[in-house]
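We call the chains A, B, C, D and E, going by the order they appear; numbering starts again at 1 in every chain.
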Amino acid sequence: KTVVTMNTVQIFGTIDPAKISDYTDYMAAVNLYDGLVNVDPAGNLVPELAESWTVSDDTREVVFKLRADARFSDGTPVTAADVVYSVERLLRINQGPANLFADVLKPGSVTAVDDHTVKFTLSKTFAPFLSTVPAIMVLNSKVVEANLGDDDGQSYLATHVAGAGAYTLTSWDRGSQMTIDRNPDYYKGFGPGPIDEVRWIITNDEATVRSLAASGELTMSSQYQSPETYKALEAMGRFKIVAEDTPTAFYLKLNSKVAPTDDIHIRKAIALATDYATIREVIVPGGELNGPLPKNFADFYASDLPAPVYDIEAAKAEIAKSKYTGQKIPIVLGYVAGTKFEEEISLLMQANLEQIGFVVTQQADPWNRITELASKVETSPAVNQIFFSPTYPSPDSMFFTQYHSKAAGTWSSMEWLQDPEVDKLIDDARATTDKAEQAALYKTLQHRLVDLQADVFLQTQTVQHAMDKCLDGFKAVPMQSFDYDFTKYSWTCQ
Amino acid sequence: MSDALLSVRDLSVEFTTYGRTQPVLHGVSLDVPARSHVALVGESGSGKTVTMKSIMGLLHMPPASISSGAILYDGRDLLTMPRRERLKLTGTDMSMVFQDPMSSLNPVFTIADQMSTILKYADRRLGRSRSRRERMQRVLEVLAQVRMREPERVARSYPIMLSGGMRQRVLIAMALLSEPRLLIADEPGTALDVTTQAQILKLLKDLVEERGLALLMITHNLGVVRETSDYVYVMHKGVVVEEAPTAELFAAPKVAYTRALIDAVPRLTGARPAERTEAAP
Amino acid sequence: MEFLRFLLRRVLWSLLVLVGLSMVIFIIARAVPGDPARMALGPTATQEQVADLQKKLGLDRPIVEQYGLFVVGLAHGDLGRSLLTERPVNDDIRDTFAATLELVLATIFIAVVCGVPLGVVAAYWKDRWPDNAVRLVAIFSAVTPSFFLALLLQILAGYVLHILPTTGRLPPNFDFAPGYTGLVLVDSIIAGRPDAFLEGLRYLLLPAISLAAATMGQMARITRSSMIDVSSQDYIEASRAFGVPEWVRVCKYMLRPSFVPPLTILGLEFASLIGNAFVVELVFAWPGMAAYGIRTILQKDLNAVMGVVMVSGVFFVLVNLVIDLLVGLVDPRVRIRGSRQ
Amino acid sequence: MNARQSPLLEVVDLVKTFPIAGAFGGRAGEMTAVDHVSFSIRRGGVYGLAGESGSGKSTIARMIMGLFQPTGGDVLLSGANITGTLGTRAHSRQVQMVFQNPGSSLNPRRTIGQSIAVPLEAHGHPRADRRRRISELLDMVQLPASFADRYPHELSGGQKQRVAIARALAVAPQLVVLDEPTSALDVSVQARVIELLTSLGRQLDLTYLFISHDLSLMRNFADEVGVLYRGRIVESGPTARVFEQPEHDYTRLLIASVPVISAEEEALRPTIPLIDGEIPTAEKLLALRESQRATEVPKRT
Amino acid sequence: MSDELALPEDAPRLSSAYQSWYRFSRNPTAMIGLVIVVACVLAALLAPWITPYPDHVGAVVNFRARHLPPSADYWFGTDNVGRDIFTRVIFGFRVSLLLAVVVLGTAIPIGTVLGLTAGYFGGWVEIVIMRLTDIALAIPPLVMALAVAAVLSPDLVNSMLAIAALWWTWHTRLIYSITRQLRTREFVEAAETLGASKFHILFREILPNCVSAIAVKTSLDCGFVILVGASLSFLGLGIQPPTPDLGTMVASGSAFLPDYWWESVLPGCAILFVALGFNLLGDGLRDLYDVENVR
């Protein structure tokens, strides 16, 4: 029996597919539930419960054909009715992934054509729709109905699984661990060297991770360990360190509506005063980022944009052009309190900015406070360190949520960018079904955002995992934590 | 008076505080024969309590030290006696009644508990043994001996539930538990009101008469001395300045200090002390 | 009868305190920044979704009404549902409370069992070397922040000596779950699992010591000074005259009357104990209520925060009630009043 | 009674009840500590209040001082009812008290000078003159002025008592309540304090309410006495009369219990019957008397 | 026992301040405490002149020198961005001492006044004040501090406010229980009968008798205030970097345990050192103020 023991730094909030929202939630959900489609590392959709799908010309109608042999883990067949039920419930509860479908699906939009055919009728053209479909996890409607309670089965699904996933929930001790076991009757079957059991141990304590590794229990670390821990684990000999670039981008968000970052020259100066190499090499590993979009979205990526450079003299020149020239420029640098590397980056920024005439105030806030501060222009710090990763495998996820004026007021849009041209480009791309045209629009958009210096585009995130040398299969996927779908992993030793 | 049960010979005690040595007793001598009631009087601070503590072995020796003298009990010197033997005597053969009935009983244990503990360890020192039942019986017996009306109830009580007079009796009962021959009472009853005090004094007097106790009573109340004791020692600044049978002392005090002490006592007749002195024979 | 009335009065006062506490916490919880609905829904949620959830949670209603609803729920013993864990807060607290309880009980045990004898020793040999040694130990343990001590112990016992585990409550994947009382040490005895008992003890030791040190120091200091006060009382002197052996005098006659101040202090210390538990649980990754509490505060999980604080408030009030009763038990003067001294 | 002068203090029908605290702080009932007590003191006189411990002496004193609110009855000073003004500044100018225990009535954390200055401050004595007034007061009670800088623990009991007296006299009151002013002192010191009180009384024209259960002392100091038993005055009258011809059995028991040092005194003491070979308690005696009202008191031999 | 200690009436008296100092200076633990406290205060005041790298209190980053163990150059080693920890510890005394002084400076007067009032007047005043205190005591300190600091913006002043907002309860409790005992003492009643004002009684008669208790409590508190400040900083609600603060250093250094132990252990020892100093001093003060308790 192959067991993978992995540590994770956060507790699992929920396993109800209608409520899952964060990275850890999805980690459990992708293993316990199956959706109509899945995502591969390149961001392409791959069949799962649906063996094929067709999109109408205006992209307003999508028809999925379900696999005939698809079974829930209790053995009952997966039918179109289950899909309809799952979507309706998602919309009813209106949490978790529901926001992806907010303007697109209405109650009644999804219908069962026959037992194995489901039709989605969109209320408007929304090009990235397909890429959001993996977020729909299909529920076993009969089981849910039988345990409906007075809250649409929420109590039941908070602790039980009613899905078609490759794994079933064995034990879950909130706050300490979750164990899932392979469903041997999984309809898709498994490849060679399947993982029989996955145990997540919840700890963000480096020492615990090390002792788990030392005692031979740990198979795979989380991606959040300290460099020292990776080093120590590697030194044990049993582990390989797998580093991989992800589509997660790391920005210094520049608030375009408050002083001094309301001046484009100041924004450019900050970008020029950023020591990218040191950050990447010493503080936190990462890949180059030349604009708002990580290069994982290869088809849409503007590869002609030059990588940003660190040039203090040029920064000074930009300041000279700004309206703030000739004075001490006060500026606030925000980051998440308690995050070591963000603190280090902030200090590095402070050291550099103070050289060129800024007076820096550091502002470390806990995450919840940052979300609050982000809701108002005045309270959003001039500069803020933010990670953003796509929630569905489409550039739209990167652009709309961060730069569209309609999305303002969240932590992901602290630029307070209200640029009609940017808005128009995003909207146009959403309305286009033609992929080439979309690519062109997105490339223009990237140039526009770099010209505006909407953010300092620091780097992409490189994740590191210490993995047992026998374990294979980690591949970054541009959607949530779909890369922890353990059907994609295999045990290579005997 | 060499046949005295207790005989203090030329006792000197000094206290060392802050590196300074201060003599407190200067060659005190006194005798307490069996079946007698001896009083030790003197103003506050004259050394009465120190004398008593020396006899009972209660002086805290680091600050205090006995520079000379002997304390003969039954002819044997307590000061040179081996510690074990001395411990055998204190609380058994020689016992004492404490001054303040309000504060001399442990507030958190019942009377029975306190008394039987004392009895238990007194027995142990004497190599006797008694069952719990027997000990309790003895406790009740002694409580009855001090004329406590409901010994069982008193035994079950906590000190706070008893009146001052009752507590003083309990203290006497404690001293009598292991049938001592010598009883030292440090100002018994001074903390009580007159009527109760009178009862306690009567009780002590009866005990001397009935049980042949040797009683050394320390007090500064001359009225009490006159009414109860047979023989008086007057102490002043650590020196015994006068000793005489009670009647003699009051009739004709020889030392000026004694006279002054007697004169200071207000009279029930209402005569101002000064006037009375003139009127005295 | 008297006793019942006393109890009733105390309970009524305690209820009043708890009601006040609930109000204060309610206001605090509402004032902490961050929209709970948005926090729960994640970054990509739309404005409508947020409004929708706010409505479901009743966050759009006037605060007084919200409070009313909370109190009604509370009266039914229902603390609502946690946004963070999606479970009834009651369940979450039941799961985490036992761990905290075990830690706190162990702490009190250590503090009393070590602190009191140390105080006795110091008082007995006042101004001599045992006294000085105890005072030094007491002062050091009283001033060492429990957080810092936790770190030191982790390094020393965990990394340098490798004798004790540094985080968690039981080994990962250990096949024992406390079922009856929720306390590992108790349940393992009930279940007849000496291995679980030993493991539980090993894991408990470091957090409990870190938490106990400050209280222990306080207990030793208070016991010492209380013993010294008592030792100059006439009744202690008197017991000497009656030839009661030294150890009986010290351990019985002196200790019991001296016990009221340490007990009272223990009751007060309890508040800071819970406060420190918040930090120590974090350091040792102890799966207790405090760690849960911090997480939920940061997530602005209103129901859960209210639940945690109310439970710790009840706990605090209860402990102090028990201590008051104990004081009455130890010292009859408290029980039998009416006659003035 | 001396009718030459009008009474300074009149206590009319004073009652004080206390709640009886039950175990654990509940209220278990009521007890009457002072039960319809009336008496008066002529200007310049010394009125003695005697009685066993717990008979209500201090309670009366405290009501006169305003430390307790009477349950019923009035306190008149020079004919004016001062019940309502109890504890006020005007009241404290007229009536002062020397407490039972000299040690505990001085604040251990304040110097003697500071303690004596309290009434001076309260009554607006000019700041510049305070120091002088304090030495004057200390001098009056025969203490050196340097004592002003000492702390109470540096003084002996008699000295502390004298400080307390000085403080009470600082504002020149008319009435001084002395609550067992000498009970904590030794006979020789006690005699000195009484002497001092007598001479100050004469010098400053003070009226004293003197509380004690030392009857011999009372015989010497007071010119009128009241005997208190269980909150009631059972007998009162000029001192000589009460002591020589006690009318009430309780008074007799009290006088009979006083230990004395001379034969004359002994002769003066009434004898009381022993009950069960013991000196009876007051309750017993009074109960016995209740049942044999007519019988004469047999003389003790 | 005090009667016998009366000085001979004509013995030359030393000034009482000198006497106090004499007694104090003969108490070795108190003297050690005083020396420690004075040393810390001086170090804090003179920090810019006595530290090797005074510029390291600011935003200096030197990634080549990060995580260096203690050495002759860096006595306490360096931190994660290469700053000298020793320098930062000495500067850290400034914030920590200021925190302690400000928090206790507000909490003690409030607690004292409330405690005196509740204890002396009794009745409804007592009920209201003491129940409020109970409520405040039942709130886990960190929750309260977190909330106060979070409502207002996170900075040094507010974190002080937050800590002070719950600290008074301890002092209220303490002063209350002492006052309640003292209320019935005769010297208080004596002052009442002498016509003294309530103000006089509360602050001149009762308060001086609470001083030793307050001194002891305060000395103990100093260390704890510094710690709570540290927890707040850790959660991002306290002192903002790069300003050095001992608590923050311990908290943030703990992320590098055990490899770079000096980054949290040494600042932690500094907290301990100050707290110890205050405690020893407090004990000394207690002996000093206990005039009745001269042995």
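What we mean here is this: a residue touches a chain if its C-beta (ideal position, glycine included) is under 8 Å from a C-beta of that chain, and two chains touch if they have at least 3 such contacts.
Chain by chain, the UniProt names read as follows: B = Dipeptide/oligopeptide/nickel ABC transporter ATP-binding protein; C = Peptide ABC transporter; D = ABC transporter ATP-binding protein; E = D-ala-D-ala transporter subunit.
This one's a predicted model, so the numbers in the text were calculated from it and none came from an experiment.
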Revision key, fill the gap. Subunit A and subunit C (Peptide ABC transporter) share contacts with E
Check your understanding: Does C-E or B-C have more contacting C-beta pairs?
Key -> C-E
Study note, to complete from the structure: Judged by C-alpha centres, the chain sitting nearest the middle of the protein is C
Practice item. Compute the distance, rounded to whole Å, between the mean C-alpha positions of subunit B and subunit C (Peptide ABC transporter). Key: 51
**Study point:** Centre distance in Å when subunit B and subunit D are each reduced to the mean of their C-alpha atoms
**Key:** 31
Exercise for review: Let me have the rounded angstrom distance from the C-alpha centre of subunit D over to the C-alpha centre of subunit E, please.
Suggested key: 48
Point to revise | Centre-to-centre distance between subunit B and subunit A (centres being mean Cα positions), rounded to whole Å | key: 91
Study note, to complete from the structure: Touching two or more other chains in subunit E are residues 3, 150, 235, 257-258
Study note, to complete from the structure: For subunit B, residue numbers touching 2 or more other chains are 44
Study note, to complete from the structure: Touching at least 2 other chains, the residues of subunit C (Peptide ABC transporter) are 32-33, 154, 158-159, 298, 336
Revision key, fill the gap. The subunit C (Peptide ABC transporter) residues in contact with subunit A across the complex are 32-35, 38-49, 52-53, 84-87, 92, 95-96, 154, 158-159, 165-169, 172-173, 177, 285, 287, 291-292, 295, 298-300
Exercise for review: Give every residue of subunit C (Peptide ABC transporter) touching subunit E within the complex, in rising order.
Suggested key: 13, 16-18, 20-21, 24-25, 28-29, 31-33, 135, 139-140, 142-148, 151-152, 154-155, 158-160, 268, 271-272, 274-275, 278-279, 283, 290, 293-294, 297-298, 305, 308-309, 312-313, 316-317
Study note, to complete from the structure: subunit C (Peptide ABC transporter) partner, complex, touching residues on subunit A are 5, 11, 13-14, 16, 19, 21-22, 94-96, 98-100, 102, 154, 158-159, 173-177, 199, 201, 203-205, 207-208, 211-212, 217, 366-369, 371-373, 375, 391, 401, 409-412
Review point. Quick one: in the complex, what on subunit E touches subunit C (Peptide ABC transporter)?
Key: 29, 131-132, 134-144, 146-147, 150-151, 170, 173, 220, 223-224, 226-228, 230-231, 235, 250-251, 254, 257-258, 261, 264-265, 268, 271-272, 275-276, 278-280, 283
Study note, to complete from the structure: In their shared complex, subunit D is touched by residues of subunit B numbered 43-44, 147, 164-165, 192-199, 201-202, 220-227, 250, 260-262, 264-270, 272-273, 276
